[in-house]
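Structure incoming, see below.
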Amino acid sequence: MSEKIGRDELAQLVAKDIKPGSFVNLGIGQPTLVSNYLTPEQGITLHTENGMLGMGPVAQGDEIDEDLINAGKIPVTELPGASYFHHADSFAIMRGGHLDVCVLGAFQVSATGDLANWHTGAPDAIPAVGGAMDLATGAKDVYVMMSLFTKDGQSKLVPECTYPVTGVNCVTRIYTNEAVFLITKDGVRVRETFGTTIEELQAKMEVKLLPAE
Amino acid sequence: MSEKIGRDELAQLVAKDIKPGSFVNLGIGQPTLVSNYLTPEQGITLHTENGMLGMGPVAQGDEIDEDLINAGKIPVTELPGASYFHHADSFAIMRGGHLDVCVLGAFQVSATGDLANWHTGAPDAIPAVGGAMDLATGAKDVYVMMSLFTKDGQSKLVPECTYPVTGVNCVTRIYTNEAVFLITKDGVRVRETFGTTIEELQAKMEVKLLPAE
Amino acid sequence: MLNIAQTAQEAVAGVHDGATVLIGGFGNAGQPMELIDALLECGATDLTVVNNNAGQADAGLALLIKERRVKKIICSFPRQSDSWHFDTAYRAGEIELELVPQGNLAERIRAAGAGIGGFFTPTGYGTMLAEGKETREIDGRGYVYETPIHADFALIKALKSDKTGNLVYRKTARNFGPIMAAAAKKSIVQVSEIVETGQLDPEVVVTPGIYVDTVVKIAAPATAAAEQKVSK
Amino acid sequence: MLNIAQTAQEAVAGVHDGATVLIGGFGNAGQPMELIDALLECGATDLTVVNNNAGQADAGLALLIKERRVKKIICSFPRQSDSWHFDTAYRAGEIELELVPQGNLAERIRAAGAGIGGFFTPTGYGTMLAEGKETREIDGRGYVYETPIHADFALIKALKSDKTGNLVYRKTARNFGPIMAAAAKKSIVQVSEIVETGQLDPEVVVTPGIYVDTVVKIAAPATAAAEQKVSK
């Protein structure tokens, strides 16, 4: 693809990349957009860590039910084939490696797949972690969605995270507005770029980029 | 009581001693007799470790259901207020200390409440433990029911178990055909005797016996 | 035997100063709001509270914190846009925070109820939240040692109880309820309905009555009120 | 996606030599007899089997052991009046036995499914079955370190499945089913009925479909046959 890509197009791309029949957890924020592009044919089942598989779209009007919310505390709906369970069972699903894919936002990702997305590291910040660390360590594949560069042009894909990490060696793929990166044993591969080239990206990043295989 | 006591009378005594509203697990064998003497007024709930609270009497005739058995694999019945759960949840009830009383048979009990009831120690025996160790460590009170002496006159209440132990410091009370013993911090107290005296018993036992308080 | 309390005040009357109290709920779902309000009224102080969050807006747990009745909170996500009472108490050094990843929080509560002395979890390994904790490499992966969270009381909300304390929940309001009921010495449960024993199908009971000490019926709020709460 | 097999043979066809196989059931309740028979037929050998017992009489698991297809069994109670095939194999040194207290067996299976690397349990502390194991004193009490039992396959029996693999069980036949389904890479389930997705109430699903790979419908035996089995 040679065009720049927007948040919705990126979400669409992630959605298309998820294998049919997968069990998926979508983190709060940008990853939530992915649900808009999952098709019924894919037969994807969404997990929400507050105790449900088979989560449906955000509830509207009369559908709103205080007892049926997602991890972002937004009222949602229930699809046929749904099930409810308590918090320990729900996190057992995550920690036990039963989710195929988890899609998360990030402050930074390291070249070896360390994820930083829970704490800015600011000394006066009140820390809060929620389910971020469980999501990072739990799924078979952890996809990150983020802009590749900060507002002042720093790459968020870094040799080593400078923010406090959420999990180590956990991210397998990074979807950004500039390119899709795969974290492999050989290093970071660029699967595709959007309106840029691997050489242009390399010039702005410390992490060594490898071409797609 | 100055008369000798039979197995059924002993079971009746144990039943009477269990506090109203208790949750109880009765081991296989002699302890099972206790269920015959629990009264509805006591409101005792029976647990069976293969996944049920609210177990009723042994099933008869048409009540027999292959899917409803107790830990001894005997068909049983379900009482109002029953619930089913899986094996990990069932043993969590035991290990977590939620049962008030567990009644078990024994080869030997030590003066400090060590229990031996799973293995004769014979070198050619095929070992089998089942839920014995979980029962021994799990309940708030572990009552043992046994004959006090072996056929050749050896006391089964001993200074230290010579059989392999099932659990350490777990037994709190021993119901035998000769006397009821309490395992206390001070030592072994004789709560009551049946057709014998504490002096007569002491003459036949190594364990030092203390009178009832 | 199950204690059926007539009011939320009566239900929480035994909560003593210095108690560790598990409080159920995730967002408003499963939050035992009336029991928390009663706890506020009853005056118990110096509490250690375990909840997913650290109170929101000017209600429930947030008010307990505002009144400085909570000396320590164990939670996964204290920082929210409307957690101003916690923020103030925390910045003033007037509340201790133990921050625990949500899944470790759930598993530690589960471990307490299940009699597990401690366990190794991959969650948090290599992070700030594992600093100072025992770690172990198991099959090539890093794990952190975590310990059970035992408690004196649990305040939770369920849909129905029977008269032996068997509970069923509703949708994602189940969340922490079942594991908290098992982890506490005394579990206090608000329900929308108390039915006769025998009216709950034994196959669908989620929390067996062995884990429940006190229930109190609190009428469900009208739908309008429920919607208003959600929209906050 | 759920694989709906037409026969028990098809359901177990993927079980390979050397596999670790969890087999559900406690007594006849929840025992996936037809799947075990199919496993016998399919020829897979050198198996490690996890079950509460070690086979009874001349059926199911006992025949797998008789045919020397099981190199190791992990169980809590191998010695029964009719476990003669196990007895013979064991005394001949032709089967390895790992004896585990029943609650530790259940918790180790649960740990595998829940991603716990290991845990401390009070059960077995101070006994022969803890010899050589790591121990730890926690709050004045002795605990033994136990590790998860991961498996390649689980063969279990449930009452109903929907077409996404959500399961419900029946009475004490639930036993090891839910934890085994979660602990195995591939779970193979025999059910009495397969219903359309949406026909199971989400509140009463015991095993969510995420844990189930293959289901096969096996007609329930007639009542007379069931009674005969029980009376054995």
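Here the chain labels run A, B, C and D in written order, and each chain numbers its own residues starting at 1.
As a convention for this text, a contact is a pair of C-beta atoms (placed from the backbone, for glycine too) under 8 Å apart; a residue touches a chain by one contact, two chains touch by 3 or more.
Only a predicted model underlies this, so the values are computations on that prediction, with no experimental measurement involved.
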Chain whose mean Cα position lies farthest from subunit A: B
Distance from the mean Cα position of subunit D to that of subunit B, given in whole angstrom: 29
Euclidean distance of C-alpha centroids - subunit A vs subunit B, Å: 54
Separation of subunit A from subunit D, taking each centre as the mean of its C-alpha atoms, in whole Å: 35
Multi-partner residues of subunit C (at least 2 other chains): 107, 114-116, 121-122, 169-171, 202-203
Residues of subunit A engaged with two or more neighbouring chains: 52, 78, 84-85, 88, 92, 94-95, 138
Touch-based graph of the chains, sorted into line, ring, star, complete or other: other
Those chain pairs that satisfy the touch definition: A-C, A-D, B-C, B-D, C-D
Footprint of subunit D on subunit C - complex, ascending: 107, 111, 114-122, 136, 138-139, 141, 143, 147, 168-171, 201-204
In the complex with subunit C, residue positions of subunit B that touch it: 20-21, 23, 43, 45, 47, 52-54, 78, 80-85, 88, 92-99, 138
Complex contacts: residues of subunit D adjacent to subunit B: 26-30, 76-80, 86-87, 90-91, 97, 99-104, 106-107, 109-110, 121-129, 142, 169-179, 206, 226-227, 229-230
Complex interface listing, subunit A residues touching subunit C: 48-52, 64-70, 73, 75, 78, 84-88, 90-92, 94-95, 114, 119, 125-134, 137-138, 164-168
Residue ranges of subunit D touching subunit A (in the complex, touch as defined): 1, 112-116, 162-164, 166, 182, 197-198, 202-203, 205, 208-211
